[in-house]
Amino acid sequence: MKLIVAIIRPDKLSDVLEELYRAKVRGLTVSPVQGHGGELEKVETYRGMTVKMELQEKVRLEIGVSEAFVERTVKAILDAAQTGQVGDGKVFVLSVDNVHRIRTGEVDEQAVTPMSEGAAV
Amino acid sequence: MALPVPMLLAVQEMPVEISGADTAWLLVSTALVLLMTPALGFFYGGLVRSKNILNTLMMSFASLGVVGVAWALLGYSLAFAPGSAWIGGTDYALLSGVGLSGAPAASTVPHVLFMAFQGTFAIITAALISGAVVERMRFGPYLVFIGLWSLVVYAPIAHWVWGGGWLGSLGALDFAGGTVVHVNAGIAAVVAALVVGARQDYGRRALLPHNVTYALLGAGLLWFGWFGFNGGSALGATETAALAFVNTMLAPAATLVMWMILDSLRDRKITAVGAATGIVVGLVAVTPAAGFIGPVAAIVLGAVAALPSYFIILYRSRTRLDDSLDVFAAHGVGGAAGAVLTGVLAAEVWGGAAGPMDGNTGLILTQIIAILGAAAYSAVATLVLLKVLGVFMPLRRTVAEEGVGLDVVLHGEEGYAKGEGAVLVRP
Amino acid sequence: MALPVPMLLAVQEMPVEISGADTAWLLVSTALVLLMTPALGFFYGGLVRSKNILNTLMMSFASLGVVGVAWALLGYSLAFAPGSAWIGGTDYALLSGVGLSGAPAASTVPHVLFMAFQGTFAIITAALISGAVVERMRFGPYLVFIGLWSLVVYAPIAHWVWGGGWLGSLGALDFAGGTVVHVNAGIAAVVAALVVGARQDYGRRALLPHNVTYALLGAGLLWFGWFGFNGGSALGATETAALAFVNTMLAPAATLVMWMILDSLRDRKITAVGAATGIVVGLVAVTPAAGFIGPVAAIVLGAVAALPSYFIILYRSRTRLDDSLDVFAAHGVGGAAGAVLTGVLAAEVWGGAAGPMDGNTGLILTQIIAILGAAAYSAVATLVLLKVLGVFMPLRRTVAEEGVGLDVVLHGEEGYAKGEGAVLVRP
Amino acid sequence: MALPVPMLLAVQEMPVEISGADTAWLLVSTALVLLMTPALGFFYGGLVRSKNILNTLMMSFASLGVVGVAWALLGYSLAFAPGSAWIGGTDYALLSGVGLSGAPAASTVPHVLFMAFQGTFAIITAALISGAVVERMRFGPYLVFIGLWSLVVYAPIAHWVWGGGWLGSLGALDFAGGTVVHVNAGIAAVVAALVVGARQDYGRRALLPHNVTYALLGAGLLWFGWFGFNGGSALGATETAALAFVNTMLAPAATLVMWMILDSLRDRKITAVGAATGIVVGLVAVTPAAGFIGPVAAIVLGAVAALPSYFIILYRSRTRLDDSLDVFAAHGVGGAAGAVLTGVLAAEVWGGAAGPMDGNTGLILTQIIAILGAAAYSAVATLVLLKVLGVFMPLRRTVAEEGVGLDVVLHGEEGYAKGEGAVLVRP
Amino acid sequence: MKLIVAIIRPDKLSDVLEELYRAKVRGLTVSPVQGHGGELEKVETYRGMTVKMELQEKVRLEIGVSEAFVERTVKAILDAAQTGQVGDGKVFVLSVDNVHRIRTGEVDEQAVTPMSEGAAV
Amino acid sequence: MKLIVAIIRPDKLSDVLEELYRAKVRGLTVSPVQGHGGELEKVETYRGMTVKMELQEKVRLEIGVSEAFVERTVKAILDAAQTGQVGDGKVFVLSVDNVHRIRTGEVDEQAVTPMSEGAAV
């Protein structure tokens, strides 16, 4: 089991979600983050004060997948999130000891295999 | 604005004293209308994405400065100084001759106050257009545009209807600006949206309102301010002011009810954005009619006027026309619907002008002519203005900058700064 | 509202001209009171969780539509048309006979304006109740409820006190609606909270105000609008209006000071929610008294009236009664306290009615009768209305939907959309 | 405030009736000025960090209570009761003798209303100072401070200029409070910033405005309210009111345009914080001049007055003086610039007082004396007051608490609570 | 040393915190995230535009624990966060090379053992 | 390759960023989180309701580094984020299987080495 953590541009999120959908990767978790890399810093100015914004808005994806899915997941992200401009982001692949699905208590492979019978919020 | 030209002339002949009551009400009304422009900023600002909130607000607030000054220096004269059927003269340029004695068009209130009251109309009309070009237009060209537009497009049309021009002489009824303000701005908005072009994400991404509460705040304050817009257009604390006021309360109430019914029929969900929109459409629609129709007619007018705007808003978002905040559907269509309905519902018994029920069956046609005349001029003049401007200064920034958001790129600020990762640059 | 019935009749006998000054002030006052309903939306909206902000705002805004129209069509007539001691007739239904000449109850202002001014009271009174049922009630039933409530509960009680009904004849004093508006809404709120039931998380989770700044914004705008509520109830730009106005400034100032002292004694922390609440309680309390007592008495009234509401708010949250935004404590108790204190502090020397100090010692009892009468009717009629409604349409959605939040479930919108993960559904 | 003292006396001699129109306008004006204090709270609140938003808002809202009550009980008397050249007497203490007949200083409006109108000025002047000490001062001492300051500093200076004191007798012109309100508050702000000391992060971290939209909301509402501030200072619905009103519209419009030009020249970025600031500076600058100069002169004044404030704001943030929200630059400097320009531009032809163009060349000197006199007294008295207070109660909390934010530490609340991890403490 | 990452429903956070408290798990870090799984999508509508919200609000917990605590921590989360409806979330267990307590510089076991003498914000 | 996750005080973020800059650590990702540890709880009060805020505002840093950088990165964080008061936070060091730079597709070492030719947002 692997946990794939990707930092991408916010305006690439929809594209990445679509690409992952096509790659049949279903579950994932998203959070807004701020990144610092080689990007040009933004400068803001408030009354007499000038401010350099060192951090850029990014989006962080966290996707638990079984080994079989790692490659295509990474590929999907790389493909969809790339613009070629500095600031596109990074993908980290981490090993996971085990995964539990809270609803059913299933573990590992089972826990990340979609089972969309029934549906609720 | 309530008096037709001949009556105005009659009034002018006998010198009348400034009336404290009329002045008090026009003072209040002017303040109320001025407040509408910040209110519009919030109405619009709530509907854009948070990365463009300041730009959107500034498009309204800046009009208070740019158009406010332009109006005092020249616009008022072009609209209200004696001139031809097409445009006023320059007698009042730089406010010469605009003093504390009674205004020619409203002898019981100081001339200078009448000028200011009219100025608040010019300010908001220009700001209305911004709804069609938010989230993409450059700010410098926008400022130049609204300044010139207020002189070249707004002032002449105001003259046509209220300043002694051809539409007023024709007998067109426009109590507080259904045609001058709303049809005019709605058409200019379409032209501006076309010339400036659609947002890069338009039709491809979901562009969600970042703060619907601001849209409601704006709608609430607009309603409040609109009492000055319509009520103040009686130019005195008169029965007509009361009538215009009450209609400005009842018509939008009816539009709101109708809008909620339509929402609920369509999708079983009554939306807050819809409610805010419905209120504004009702206010727009009653504007030309306010002092000419009775309160029950106002309820009818408000309910009926909801329909065209409602469905055009639904339809517009499926087209390629990125009139982003539906200025055309709300103001252009709402204003035209109101102007036509004024031609149907005006009734002499309410102290204004004669309508079809009083035998003046030609009124509807006159109203349509006024709408078309104003729309045609607004379309052509706005197009020429923007095209010429575009030659001297690009109207947009790059696609990448649009992605970052105009607040940072154009204004060097964020609406809601968290402050994380912000480093002070020591001077 | 200041004139007792016999004086009203006297005034009606001699035809009086419309007064520009009185009209100007009533125009302004009506606009101010109308603004109070959006303001109330923000006051309430700031105190709920962000997932219910739009629903809460819409509960106020919708009243502008539903109750506004209901009032014009029927409510005004039931409240103010000649009728029995219990209810007005239908003479003014569909606004027939409501024109531009002087109002029967206020001959110096156009009748239609008086109707509109009173309409803004009906609108906000209905909206006040929403504070007791936020975050859980379905929106459709709510709309039907407030529309009917304004006809079945509000209009009769308004008639009793101001329209020539039994409480007015009894000599009960209610300058601008302590009983008609606030006691009435406060009691209806308790009934509504009981019938609709508590929020699923009530008493189990911390239900925090998502935006205290909105509560303060609402309180600020309410105060501003309340000058029209109380000052306008003099129905003219008179000395009584000035008195009512000044009291509306001083009493809440005193309540605010007292509230800060109580907060600080209790916990050494002066809360902003408390300050907003204190301002509203002070405004409520001075409402019945505004034109009847002197300014120093208003300071006393404001300070004293803080006490019952303060402690009942503390106590209520320990009970099972989920009157979520404390409508009862702020309006019911505040209004009753104000009404009783009116009975204590009214003084003829300020141009209103005779109070105990002038020998009218029975006044306090009359005031209590008025409070109890209005409360009893409001309780029973609201209960019946909601129970009957509940038979035809369920008043709540499921627990799961309550968890998701009413904005998405009922209105299909989010108050503050980030837009992440939003996918455009192409039509 | 428009009438020089000798005219006032003349007016007092012949008894005049209360004027409905004047009363209507002063009622409205008082409501408008009262609204400015919440508006100021939002203007200031938008510019601080979110962890201090409630504290900043409360610094304004609390003034409505504390100063409002202090003014009624004593402040009004110290400012306006007959007394010496330096301070008023105690005739009007506890509002004795302040009734419904005409005010001594404005015979056509009820005395009690005049008192309230002036009270709203005292309230906002005290609240203005808070901008210099936000994000660090303890709340209890702040409340005591503004209460006493309104009596010890504000009331005497108001007396000097408007209550029959030495500056009024000298012929100093201050239509609506350039010196009494703005120079006074601006100087007191510097003293307060120095005594309380800088925020721990000042000059080391970027302290960003957490919500620029609130600054614009505040600016918009302040402009709206300022029409009452300046227009109402004519104390009647007169030509002078109209003039003051129109100037209050045009001068800030010009300042806004100028500010945008300066911003754009400096950095090619027109900031929203700048626009909000520019509007306020323009309003401040026109305050002393409003009823004394013509509309074109107001445009000039507005544009010129932008310059000193603009550059002092730029400069101030490089100094060690943590006048956090630039009260000195906006109000002190803006007010002084306006007062001096009043001395240059006042013109008899506009119905106010004689200026240099009418031969009254000494006026500029008189204006400067008034500025310096008020500034000197304000500086010394504020210093003494704060130093004495500091002996009895520490003015600040610990550095760690400042880091956590004053909302939680002092008020036990968060402005924008998410509710995650909040656990209900059962009583 | 393990790092336990759990994605749960926001309205289950209080319950989970309580359960963890009972399990004597003290330190943890929480962040708001948005998740995509088998849940029904919400539909929103703004003027003419209909929008499918693919992401649901969730809460992410991050808990560093010593081996001995892993099982009971996971159990506590599973127990408290379960509703049985689609959308309950996942738990990931990752291995950690080492942990440092910033305040004292202690590492590993020491770093995650509560030591609540003294208290400050 | 390692992924360093640090939870620190928000008001220490600038200091940490500066210290990391001096340590020549360039890329990193920041997100706002809320933490629960040994800190004193804040108490808030709204009308009749008293509320204990169990969670404190913290900031989470996520830094992918090559082995060579681990020590100095951790040291930089420990140095800059320490106040000595309860609540300073934790640093977790995790192993990463591999890292990808989205812009170029480079992996591992390459992917985290700054290459700031060109610049864009």
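Letters A, B, C, D, E and F mark the chains as written, and numbering starts fresh at 1 in each.
As a working rule, a contact is a pair of C-beta atoms (placed from the backbone, for glycine too) under 8 Å apart; a residue touches a chain by one contact, two chains touch by 3 or more.
Keep in mind that this is a model prediction, so the values were computed, not measured.
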Note to self: By that same contact rule, can you tell me which chains touch chain C and chain D alike?
What the structure shows: A, B, E, F
Next item on the list: Report the chain pair from A-C, B-F or A-B that duplicates the C-E interface, where duplication means over half of the contact pairs agree by residue number.
Entry: A-B
Next item on the list: Please compute the C-alpha centroid of chain B, do the same for chain C, then give the distance between them in whole Å.
Entry: 32
Note to self: Please tell me the distance, in whole Å, between the geometric centres of chain A and chain D computed from their C-alpha atoms.
What the structure shows: 51
Notebook entry, point to check: Between chain E and chain F, what's the gap in Å when you average each chain's C-alpha atoms?
Noted result: 17
Checklist line | Two or more partner chains touched - positions in chain F | finding: 14, 17, 30-32, 34, 36, 42, 44-46, 48-49, 51, 54-55, 85, 94-95, 120-121
Checklist line | chain D: positions in contact with at least two other chains | finding: 19-21, 24-25, 28, 205-209, 267, 269, 271, 273, 318, 400, 404, 412-414, 417-418, 420-424, 427
Notebook entry, point to check: What kind of graph do the touching chains make: line, ring, star, complete, other?
Noted result: complete
Notebook entry, point to check: Tell me, which parts of chain E touch chain D in their complex?
Noted result: 10, 13-14, 17, 30, 32, 59, 120-121
Notebook entry, point to check: Tell me, which parts of chain F touch chain C in their complex?
Noted result: 44-49, 51
Check: In their shared complex, at which residues does chain B touch chain E?
Finding: 206-209, 267, 269, 271, 273-274, 277, 313-318, 326
Checklist line | Touch list for chain F against partner chain A, complex | finding: 1, 3, 17, 26-31, 62, 64, 94-103, 105, 111-112, 114-116, 118-121
Notebook entry, point to check: Which chain E residues qualify as touching chain C in the complex?
Noted result: 11, 14, 34, 36, 42-46, 48-55
